[in-house]
Amino acid sequence: MVYITRKEHFNSAHRLFRPEYSDEENLRVFGKCSNPLWHGHNYVLMVTVKGEPDPETGFVMDLKVLSRLIDDNVLQKLDHKNINLEVDFMMGKLASTENLAIGIWDALEPKVKLQGSCLHSIRLEETENNIVEYFGNK
Amino acid sequence: MVYITRKEHFNSAHRLFRPEYSDEENLRVFGKCSNPLWHGHNYVLMVTVKGEPDPETGFVMDLKVLSRLIDDNVLQKLDHKNINLEVDFMMGKLASTENLAIGIWDALEPKVKLQGSCLHSIRLEETENNIVEYFGNK
Amino acid sequence: MVYITRKEHFNSAHRLFRPEYSDEENLRVFGKCSNPLWHGHNYVLMVTVKGEPDPETGFVMDLKVLSRLIDDNVLQKLDHKNINLEVDFMMGKLASTENLAIGIWDALEPKVKLQGSCLHSIRLEETENNIVEYFGNK
Amino acid sequence: MVYITRKEHFNSAHRLFRPEYSDEENLRVFGKCSNPLWHGHNYVLMVTVKGEPDPETGFVMDLKVLSRLIDDNVLQKLDHKNINLEVDFMMGKLASTENLAIGIWDALEPKVKLQGSCLHSIRLEETENNIVEYFGNK
Amino acid sequence: MVYITRKEHFNSAHRLFRPEYSDEENLRVFGKCSNPLWHGHNYVLMVTVKGEPDPETGFVMDLKVLSRLIDDNVLQKLDHKNINLEVDFMMGKLASTENLAIGIWDALEPKVKLQGSCLHSIRLEETENNIVEYFGNK
Amino acid sequence: MVYITRKEHFNSAHRLFRPEYSDEENLRVFGKCSNPLWHGHNYVLMVTVKGEPDPETGFVMDLKVLSRLIDDNVLQKLDHKNINLEVDFMMGKLASTENLAIGIWDALEPKVKLQGSCLHSIRLEETENNIVEYFGNK
């Protein structure tokens, strides 16, 4: 078993808040991340796929194919977008890094499987200091 | 003459657009950066001050003092804010990295001078790949 | 299960040596790291906590709370300190990166548990090239 | 159990191709990586060893010893070399990052074992964005 | 005057040697960089342009335009290529980082000027530790 | 004129203090950097030399020669040492990053000149966030 990782980037706006809370409650729970006028991040995304290298190509998965899957299913939806307002798989969810990593897994996992490959993990860095990793529902 | 640099970070939302343009014109000129629902960045800010080291302290300027000046006059206004809507020194200006670097210089230069020090440059990284540097009006 | 990581930094002095060895023996076993007049590092610390995201907040653990726990229980004791002489949880131990990572785990794990969360790993980078990871006593 | 990692670098030329393919077929399967006149990379190698810290030294394994093993068995063979033409453990294999990581594991694992230590993983970064990790034949 | 920088990457093979030298002489002068079977690097390229921000766009130069110029005139020629054998502007020159930076300046400067902008510097990192900067023929 | 830079690293202990001050005064002026039991850093050193590339080698200066000069005259004296107690060119000086950069310039400049080359700058990073640059006495 070999693990290959593709690193990508996207830049988005978001806000942490619950609509049923007042602005004061949101500020108390989510701090400055609850700013109603939004803030944003340069997210770093690392997608890891596992498998045996193909004897014909030496590849676990062609990284050009993986990169295109990420672009079509994740980056096109997130890059230069508002995570709360524009991303189909985040509708109605809190836009925390944890939920975003799970959302990216759910958007990408069936597409990777369709290629005959196996998604291992989603690593998402909101800032250099705040990092989330998700290995699927297990 | 010795140059000292303090590196800081802030996370903001912004949008590149001209209010007198239609959405289509803004899209043509500013691309996906014109998204009306905002996007954002982890900005990296490097503030450089120049001078002779003080014989008593060995410092060109106490970096704790410089860091506090940056925090009070720049980070408090920009971090987790919307650059277009909430930052006094960016009101009515295009929120390009160039204009933001100039705005930070103008906000910080008089405060550094009040401390008896000399601001040399503002370096602002919008992403790892897009960087602006400004040395004042000269 | 989702894994969240908070990255922090501290700068300390230390020395690798056994008090019952002569300086020559210490030099033979520990090389230049045994310098009796100390040397130091910018340590990078990555603390990983695991759990289910809270449905109310979207957080596995509030990173502001985790950051405060790390500050109170680890950084206050280590930052700008001498690891051999000043750090309670390193007294009488060799100040290797391995032992320091274990010491940080032992200092932090009960505090994380008190918050209802579960510490997963301590990653400690002494230099860019020398890295230790510890997952607890298992 | 503690995991220690040593990071090293090497710069090599390589080419992805199958000798039985035409240049056109190689281009179709391997893209610009199949250029018959070679290209190259600054590879980043991270070697992780696991074990209990030695009570006498505080070390899982002396990183100077590990670094020397990597230099003798991996870097001397790969650094400033042509991976396809000059590296004994890559002869007759596709020079993919996956196969190179496996080859480095196979070259290093017996040498680490001879020191009484246990190799845990080989992490190989071909570029900042393309990363492979291998944990041995399991 | 504001300075904007675009960072790009390319991966190439090269060799340092003089054709009129024997292999031994080349080895003596250029060390392992003279390997006749090539080696390679992940080059990091930083292109800096200077000027006044356009009052209409806030840009010194549209970084999408600059990025396209770099791609057309530099990356297409260098990426996944052999610098000694395939790059028109390096023919007959020693493939040192210094000469490559000058070659990139000469290839790019007229194209930047045609856009009405002013090239300020080429910064080229062969490795993290070996860096060249060129400001044109002055 | 081309500028070449060599990046090196060293790890040292130091303390900011004036011997004629009390511990309280030192704490007031230098903060936690005045800890009498020392602390330390992973310093990053970037040495820049300028000149015309030699037509025979394509080099402004052979970086292997520059690296050896830095090792002999700077790293041997600073790496794994106490800057206040063991470094000849820092004796009797405040161990600030500013003074250390000047000290490194003074130690290195005559050696670079002896090689027929011209030192341009010393850049010294005490931490990722605190950086000093010195261009000589002008």
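Order of writing sets the chain letters: A, B, C, D, E and F. Residues in each chain are counted from 1.
Going forward, a contact is a pair of C-beta atoms (placed from the backbone, for glycine too) under 8 Å apart; a residue touches a chain by one contact, two chains touch by 3 or more.
None of these values were measured; they are calculated from a predicted model.
Q: Centre-to-centre on C-alpha atoms, which chain is most distant from subunit F?
A: Greatest centre separation from subunit F goes to chain A.
Q: Centre to centre, using CA atoms, which chain is the farthest one from subunit B?
A: Taking each chain's C-alpha mean as its centre, the farthest from subunit B is D.
Q: Comparing each of A-C, D-E or E-F with A-B, which pair has over half of its contact pairs in common by residue number?
A: Over half of the A-B contact pairs recur in D-E.
Q: Quick check: how many Å separate the C-alpha centres of subunit B and subunit C?
A: About 34 Å, centre to centre.
Q: So how far apart, in whole Å, are subunit A and subunit F when each is placed at the average of its C-alpha atoms?
A: Distance between chain centres: 42 Å.
Q: Distance from the CA centroid of subunit C to that of subunit F, rounded to the nearest Å?
A: Roughly 28 Å separates the two chain centres.
Q: Note the residues in subunit F that touch 2 or more other chains, in rising order.
A: Only 128 qualify.
Q: Take each protein chain as a node, join two nodes whenever their chains touch, and name the resulting shape: line, ring, star, complete or other.
A: The chain contacts form none of line, ring, star or complete graph.
Q: Name the touching chain pairs, would you?
A: Chain-chain contacts present: A-B, A-C, A-D, B-E, B-F, C-D, C-F, D-E, E-F.
Q: With touch defined as at the start, can you tell me which subunit C residues reach subunit D in the complex?
A: Of all residues in subunit C, those touching subunit D are 16, 18, 29-31, 93-99, 101-102, 128-135, 138.
Q: Provide the residue numbers of subunit B that touch subunit F in the complex, in ascending order.
A: Touch residues, subunit B against subunit F: 1-8, 46, 48, 53, 56-60, 63-64.
Q: What part of subunit D is in contact with subunit E in the complex they form?
A: Residue positions touching the partner: 9, 11-14, 32-33, 35, 37-42, 79-82, 85-86, 127-128.
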